[in-house]
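What follows are several structures.
Next, two complexes with chain A in common: one pairs it with chain B, the other with chain C.
Let's turn to the complex of A and B:
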């Protein structure tokens, strides 16, 4: 891919982000514009900001990659990411705003009047935030590698440095404008190229076999294998090989591969003929990192789909950077309107990545072999359109992808740094916020450099699972159940969130390996860990009836009564 | 390999957290053993027990606080039973012989009347009752008897009488402190009420005079100003809720400034720079308006009527979990030493209650970390910074007034 346009585009996005963040609101007004100067953030602007912060690398790159590899089953991801806001709208949005809480630990304290539960919630915010930051940094690394062949870790380091510097220097003062700007940037960056791609597809005679199984090559294609892989063939396949297959070296040899498994060494070039089916690839090194991609469609159990649905539906409400944005709404009703607008904006956005995934299956099916299917969105413009137009569109997509990493990463970093400063580091103050910012970014950066290669959408899914099993019970029961007690909340978060976290750790550590029944349970923990969290919270609360915090009734009344009524009651 | 590392990273975190927690727990339960001679050790023990009994009593003498402290007090005295009463009945009985409750109350009347301690033998039918003697020590606050501490023992003992007297005196001191706490809270409440009712009378005279001057020349303007005046006074006289939102406070400031500008014309210019993210922040009612009033006063003070111009800058920024409000003027400034004494209440400021009261209220609501930060020098203007946490337990705005 031609990087002469892409790099300026990425640089432009970075500079624009920093500038909007620093100067978006540095406009002084005189008192005659008082009503302009002190206008609260409207639901639509706030919704764009929330969407901008929410649409991460997983949405921008990951979904297309998943659809490319595994077909339409993966459409549950965008559905889940969107539907999470429906649950948020119905159960949480308005009461959460009325609680006056800024962060999730604040909510825990406001509802349960317990410092211990507050600290526990803070620990989970940091955990979820780090889990979610990891794929952002990896996505950045991937994007930069695809664009410039830079080493894997460089993109992550760039995003980490830019975000840490702007957040720590207080450059995210007008964060609502930055994030709203990022949303429209991301939408444009996917929409405009998608229009051209669809036009090209029409021009090609609108081939409709996108989801035929298996995907086939539309034309003769040379594939370079970057990592050693195993190919699994159902029937014999003829390819031209330059490199090493099954331990034997070939140079531009036509080779007939028999049905069965063949080992391909890294650096090998395979030339597939037009119409050849894309063989199924099995990565030999560290393949078990990828719970959803490593398994083919048939092996992916129905259970996994349900786990995914539950995690995304219920996990959204516990994402630290999303919750924080609701504070900007002036009151509960505005919070609800904002959520409705978010549903619309995110729904519109999520129509696009599947388009890229489907076109990717048609035009770039070899991405499943050669390396990262997550790169499909970045490569398609060049592949389908080519020339200067393709390069420009590719640059636009690359800029949008960087906007995705920057906005989500900066939102998460601020949320995590806020919790670290308030609840973990000894004393408060501006300098400590800077220290917190560095700490918030350093851990996931170190992890991403150490770990590498975790598929973007999977890592995000794991963060959702942990959030769904710890914060969803806390929020839903905290808002709707008056008998919740501090010990119950703490136990529920520990058991639900802790078990999900352990399952995540086990999955990332490669235990218990492919195929085992236990593997599916651990890779998609939400289906058992969410009910476990709820159950523990309810049972322990019922067992400690004496610990219901005094004033629960008035706290719940404040959560649920509209503000107008409240002021009449207190007047 | 890298997968293993990833698992390790995630798996190690909870272990680390657990380690930190355990470390803090064990560090807290520091043993006093091996510290000094046995006598010193005993002293430490006694002081420690006394300090444990103190906190509940700081909330006054009620059934709940008595229950919480009675066991500690009993172990302090080392008796079989201990009872705390108020003037009308037994609040708590800790230890054996609870069937003596009524008898004690009957025989306590004299002691509660005179405020003098006494000891008497208890009549008891059951042979295995270990409680035979009761030592009564009254609890007095400001020479008024609030209740009594009764220590019961199997036999009469001068040591017990002495000890009970001392413990009762110690408890009395705690109750006096509770009384002080209570009056301090009431004082602060009264002060807040006083401040909120107290928009400066000068301001009312001046505003009315300005409005009067426009009545003939520009009736429309006079009408607008009267409405501003009405809005401002309605806000500052409202009765419900101790807290408001930054948006509402800024609106009140806008009304205030409209009136001030009518008086000073273009001698006063104000610029605003407000991040919309912080407008929903909750803050104590009328805690920024006095600061703006102060800036106006200082900005125009000591300047000739013709040449004096003053610029005021009001900034509200988003800073993570806090909002940062800065009010800056380019006026006469103030000697930092004098300012320090004003804030410490050593001198009363020339024109009103402004700064020190706002400072007190902020500290009271948010803690001592959140007082006013004032940067000033003579002739160099003044810059006041207020940090407002976005969330603080117990701080809720009274909500939108109906109809807005």
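Let's turn to the complex of A and C:
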């Protein structure tokens, strides 16, 4: 891909982010500005900021890539990301704002008056935040590599430096502007190329087999296999091979592959003829970190789909960067209206990734073999349109992708830094917040450079599962159930969130082999870990009735009473 | 204003209702100061049993609205994976529903909930302030 336009585009986004941030800095005067933008952000600006923050690398690149590889089942991701806001709206939004707390640990302390629960919630916030930051940095690395052949780690480092600088300098006020700006940038960066791509598609006679299974090659295409893979064929397939297949080396040989499994070594070039079906590929040799890559379309059980639905529907409310944003609303009613606007904005955005996924199946089906399906969105303009126009559109997409990494990473850094400053570092001033920012970013950056290789959308899915099993019970029961006790909340978070975390870790470590029923259970923990979290929280709370905090009634009144009724309770 | 209309027609038997000016505006929370102190407000402020009952009733109506929405959401979304599994050939249906069809119902549900929740709160404010 021609990078002569893409690099300026990425640079422009980075510079614009810093400038908008600096503009925020000029009007960011007080400490309250710094943390919660003085709680005066109106629904429209706030909704754009929340959406800008929420639409991450997983949304911008990951969904199209997943749809390309695994078909329409993967569209449950964007549906879940959106529906998560509906669940958040109906159970959490207004009471959370009225609680007057700033972070999830603040909420836990306000509701349960317990330092222990506060610390535990803080630990989970930092864990989920880091888990979610990791794929953002990796996505940035991938984008820059695809665009410029720069080394993998460079994109992550750029994002980390810019984000740390903006957050540390301007705090919440400037981040609000940055993120609102980036929502519209991201929408434009996907919408404009999508329009041109659809026009091209129509010009091609609107081929419709994008929705057929399996995808087929439209024209003769050479595929370079970057990681060793296993191909599974239902029917014999003829390909030209340069490289190693099933242990034998070929040079430009026409090879008839029989039905069954064939091992392709890395670096092999396969030439597929026009109309050939795209074979299914399994990564082999240490690559199968992710739940969804390890399962094929056919083997993905219904269970996994429901697990995904539950995790995304319930996990959104516990994401630390989402929650912090609600405290910037002036009051509970505004918090609700903001959420509705957010639903509209992200719903509109999510109409676009499926378009890229479907077109990717038509025009770039080989990405499933070459190992970087996440790059589909970036490559399509060049592939379909080409020329200067293709390059310019590609540059626009690249800029949008960087906006995605920057905005989500800023929000997460803000949230994690908030917790680190309040609960870990010795004092709470703005200077320590800046130190917290550096810490919040350093750990995932180190991890992304050291670990690498987790598919973007999958890693985000894991963060959702952990959040759904720990924070969702805490928030829902904390807001609606009087008899919640500190031991119950702690036990529920530990059992629900802890077991989800362990299950995910076991899957990543490759503990149960492929295909086992146990594997699906561990790879998609939400379906059992969320009920487990709720159940533990309820049962332990019922078993410790004496520990219900004495102020519960007035705390709940504060959560639920409209602002004009409640007396001036000190928040 | 329909207010005049009702004042002319309705025979007031109890203590006269206090009409709150700009009630709508205030219930949007733009001016969160309360006007005057009436009995239920005091009950709530002083956290008597009666005050708790008021808060509980508000929580219950709000929870009912939330549960209605989550039930509709469950009925809407829950059967879809089963449906798609049962019709493996209906790929285009799956693309259309998941890719484009679900977002509008989600926004409509959210909109309905917000209107309902705000009405519940207005009713509550009226109950508490007008007695």
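Here is the rule we use: the second predicted complex is superposed on the first by the 543 of 571 C-alpha atoms of A that agree within 3 Å, B and C clash if a C-alpha of one lies under 4 Å from a C-alpha of the other, contacts with A are read in each partner's own complex, and residues count from 1 in each chain.
As a working rule, a residue touches a chain if its C-beta (ideal position, glycine included) is under 8 Å from a C-beta of that chain, and two chains touch if they have at least 3 such contacts.
Just so it is clear, the structure is predicted and the values come from calculations on it, not from any experiment.
In the superposed pair of complexes, A:79 makes contact with chain C only, with no contact to chain B. Within the superposed three-chain model, A:116 lies out of touch with both chain B and chain C [touch as defined at top]. Taking chain A as the reference, the larger set of touched residues comes from B, when chain B and chain C are compared. In the superposition on chain A, A:161 makes contact with neither chain B nor chain C. When the two structures are aligned on the shared chain, A:563 is found in touch with chain B and with chain C. Once the two complexes are laid over each other on the shared chain, residue contacts for A:543 go to neither chain B nor chain C. Of the two partner chains placed around the shared chain by superposition, chain B and chain C are both touched by A:331. In the superposition on chain A, A:101 makes contact with chain B only, not with chain C. In the superposed model, A:222 lies in contact with neither chain B nor chain C. Counting contacts as defined above, chain A residues 330-331, 563-564, 566-567 meet chain B in one complex and chain C in the other. Contact residues of chain B toward chain A in the complex are 1-11, 13-14, 17, 239-241, 245, 247, 250-251, 254, 257-258, 261, 269-277, 279-280, 282, 313, 317-321, 369, 390-391, 393, 395-402. Here chain A touches chain C in the complex through residues 71-73, 75-76, 79, 82-83, 85-87, 89-91, 94, 211-213, 302, 305-306, 309, 330-334, 336-337, 339-340, 343-344, 347-348, 350-351, 354, 358, 480, 553-554, 556-557, 560-567, going by the rule given at the top. Those residues of chain A lying in contact with chain B across their complex are 25-31, 33-34, 37-41, 100-103, 106, 109-110, 113, 123, 127, 131, 170, 173-176, 286, 288-289, 327-331, 414, 417-418, 421-422, 428, 430, 433, 447, 450-454, 498, 501-502, 504-511, 558, 563-564, 566-568, 570-571. On chain C, the positions that touch chain A within their shared complex are 26-29, 31-34, 41, 44-45, 47, 51-52, 55, 58-59, 62-63, 65-66, 69-70, 73, 77, 81-82, 84-85, 91-92, 94-95, 98-100, 102-104, 106-107, 109-111, 113-114, 117-118, 121, 124-125, 128-129.
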